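Labels run A, B and C following the written order; every chain starts at residue 1.
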Amino acid sequence: MQVKELETRRTKDIYERHLKPTTNSKVQLPAIVEAIVESCEGESIDNVGATLMPSRQEVVKILDDLKDLLYPGYFGKQDICRSDLTHETGHKVLRVFNRLSLQISLSVRHECIKSGDLCTQCVELGQAQTIRFLARIPELRKVLVGDIEAAFDRDPAARSSREIVLTYPGALAIAIYRLAHELWRQEASLVARMMTEYAHGITGVDIHPGATIGSGFFIDHGTGVVIGETTVIGNNVTIYQGVTLGAYNFRRAANGSLERGYKRHPTVEDDVIIYSGATILGGDTVIGARSVIGGNVWLTHSVPAGAVVTIKDRDLRYKVGY
Amino acid sequence: MQVKELETRRTKDIYERHLKPTTNSKVQLPAIVEAIVESCEGESIDNVGATLMPSRQEVVKILDDLKDLLYPGYFGKQDICRSDLTHETGHKVLRVFNRLSLQISLSVRHECIKSGDLCTQCVELGQAQTIRFLARIPELRKVLVGDIEAAFDRDPAARSSREIVLTYPGALAIAIYRLAHELWRQEASLVARMMTEYAHGITGVDIHPGATIGSGFFIDHGTGVVIGETTVIGNNVTIYQGVTLGAYNFRRAANGSLERGYKRHPTVEDDVIIYSGATILGGDTVIGARSVIGGNVWLTHSVPAGAVVTIKDRDLRYKVGY
Amino acid sequence: MQVKELETRRTKDIYERHLKPTTNSKVQLPAIVEAIVESCEGESIDNVGATLMPSRQEVVKILDDLKDLLYPGYFGKQDICRSDLTHETGHKVLRVFNRLSLQISLSVRHECIKSGDLCTQCVELGQAQTIRFLARIPELRKVLVGDIEAAFDRDPAARSSREIVLTYPGALAIAIYRLAHELWRQEASLVARMMTEYAHGITGVDIHPGATIGSGFFIDHGTGVVIGETTVIGNNVTIYQGVTLGAYNFRRAANGSLERGYKRHPTVEDDVIIYSGATILGGDTVIGARSVIGGNVWLTHSVPAGAVVTIKDRDLRYKVGY
């Protein structure tokens, strides 16, 4: 206990002396500042004096409002009467319109600058795309009802659809993917990617907004799932944690630069189940309808409809006593 | 540099024009609001005009206070003297009582509604369960001391128990699971699940609150670990990242609906070690005491006490030069 | 609908009655508080009346400022003109100096207490180390430019370097690791670990600050990657999601206590690619330059330069129709 009292006294001491930096330290700060500023000249990763980019914080705020539009009464204000619904929805829609149209303008601009083609219609494009996006919400809500029903029908641990909406990371990642995919189709690719990478961070599920995914999609547990940009997934597919739908190898042009955009991720047909840790690679790989891919399987070629692919038992070595 | 100046001028322009939405856009918003409101009629995922549910934000606040009760002086206020401890603890206990009893009332209510049996004692039940839960904290603290000691004894990278409490995601996920499991046993299942899914989001470790886990439990690294609802784990078990203790297959009733609640996840006896990426499935699968399950092993049957199960070396193909 | 109205009325009722705790509940709280306070006597996990420790919240704030120093114009204030840059940088550098020097003082102190050697120079040490750390930032920026270029050159889904800086979790985890590693080398190990575990939580990538990693490092997708304390990685290495670079087994002293600090994680030479889910273990394991380690491979021994190691195809069992 005496040691602890000593410690406490010394901790107080640290705070008091901390407030008076030693002269030695203080005099070195200006040179450090100068060196950091100099390091920003001629380098590719600073964004000084350059165009604004979409903002991650804004994208997160927009997603919070969109979650309330998709699932009213769950996450934000809960006690919404049906008579308040128009008012609440109107408020959220207007706020999303204002915020998202600016972010899309900045994202479109980001694409223009890259291609060297500086258009002058960022604002109009941002607003028009936001309108098209918002108009898709009623349809998206129907698709999400199907996803939630799929989760309830395929997970014995689920006790209610409300539990799924409130707590399942897979359901959240799919909802954010479906929103982001709408923006991706409208070329607002940077905002779309910011949305799915936000979902990746909070759920561990990495779905590229460019992927094409059918209805009744269920991801259980989710951590470690990777679904690449050109993946095509049919209806009623189930995927478990740690599954990768990825590229097998990359094409490079004659000058060594990477080719982008061509189909390099698999196609998964309707009613397929892929168990945890399985890896399926390649743009020509097609997993036929109703197939079951076992856990930890590594597949780089197609399998026909109705196939069951598992790891052989003899892969293990047993020893008792050690 | 001239291009950048041009960009900057145009960015300023975007902001100014952004503030004046085009008439064309504005006129389309009311119809979109109406369509979204209409899409909330007759669908299963809205919660409009319905009962309140437990709130994720409240559950996170409660967990922050509970972390301070479990580990005083670590996360919240740090400079707590022993003479302040009663005051600090009293303040936190009262706040948890107020918040948690309401969340449990809402969770109990959620269960009642589902079963069609609307009880009239939500408030009394919520308060009584919160009291029983809080009374368990001194016992839980002892168990957590054992978990921290186990981490220190089994991880050569650990430098102190304080480092483990402050930074190890596995330790945090286990602590939150142990709190949630107490609530699960009292049927506050939705609040319990919200707690463990919050832990899943910030640690990558997915432990269902229904699992039964003995003392001296250590999860290293943690990302991708999945421990299912009916798993039973003994004392002094160690698990590495990416391990799944899951279900092998599901039972469906004659009408095709999923059966829920029966034991479908494995039993892991005392002193077992399971290395990274191993997958163990099935409600009848028993991993005997002191067994060692090697990395990436896929097991769907029991192994006796003292077994060592590994992947055979010949599974690999080598090639030099490509 | 009548049921929903009934529910709503009862929910209101819950709130009103919730505000008046039953006498029965209230009288039990003081005894619970007392029991929790008593449980803090003689236990190892409380930090009551003890020395202060570094604070996670402070570390997160410091990292936010450091991100702005590394990537000006991306995350915080975006519209920075080149003429503002000195002012902005000076402000951030001073704020990091004040905050980080205190956290390092507390971290150094934490080490002193552990070793029983209570130094009296925490404040001076904290300030001197922070100066050395800040002076490294220009050099770190150059290394990060190389990491971003590596990502762009190796990922066909990347559309621009800005997209990588703004959204790639691997790029963020590497940047935070590189900052933390500087602190680790100066013995501010607890602050360093808090930084990398913060990165682990938000990206799923667990890089120990003690690891040594060369230039041009790229981690794609990232979730589930584990890179242990004594890992050594050369230049231009690429790693995919779920890869573990870990320890094979642990040494214990004659008294059963764990040995710490010796090299127990692999060495990966220049230009190696390690695909998703591969596990490489052991302090003597060396992956020779330009090797390619296939997905899900489990390796506990060295491979020569230029090796290609994959899982054999015959591991799978196929069945059509079930």
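Just so it is clear, a residue touches a chain if its C-beta (ideal position, glycine included) is under 8 Å from a C-beta of that chain, and two chains touch if they have at least 3 such contacts.
Small disclaimer: the values here were computed from a predicted structure and weren't measured.
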item: Superposition of chain B upon chain C: rotation angle, C-alpha, nearest 5 degrees; value: 120
item: Interface sides of chain A and chain B: same vs different residues, half threshold; value: different
item: Inter-centroid spacing, chain B versus chain A (mean Cα positions, whole Å); value: 20
item: Touching two or more other chains - residues of chain B; value: 8, 11, 49-50, 52, 79, 81, 204, 223-224, 242, 277, 296, 311, 315
item: Touching residues (chain side chain B, partner chain A) in the complex; value: 1, 4-8, 10-11, 14-15, 17-18, 21-22, 24-25, 28-30, 32-40, 43-50, 52-56, 79, 81, 110-111, 114, 189-190, 193-194, 197, 200-201, 204, 206, 208, 210, 223-224, 226, 228-229, 242, 244, 246-247, 250, 257-261, 264, 277, 279, 281, 292, 296-299, 303-304, 306-312, 315
item: Residues of chain B defined as touching chain C within the complex; value: 8, 11, 49-52, 69-75, 78-82, 85-86, 89-90, 93-94, 97-98, 101-102, 105-106, 109, 113, 118, 120, 122-124, 126-128, 130-131, 134-135, 137-138, 141-142, 144-145, 148-149, 153-163, 165-169, 202-204, 221, 223-224, 240-242, 276-277, 294-296, 311, 314-322
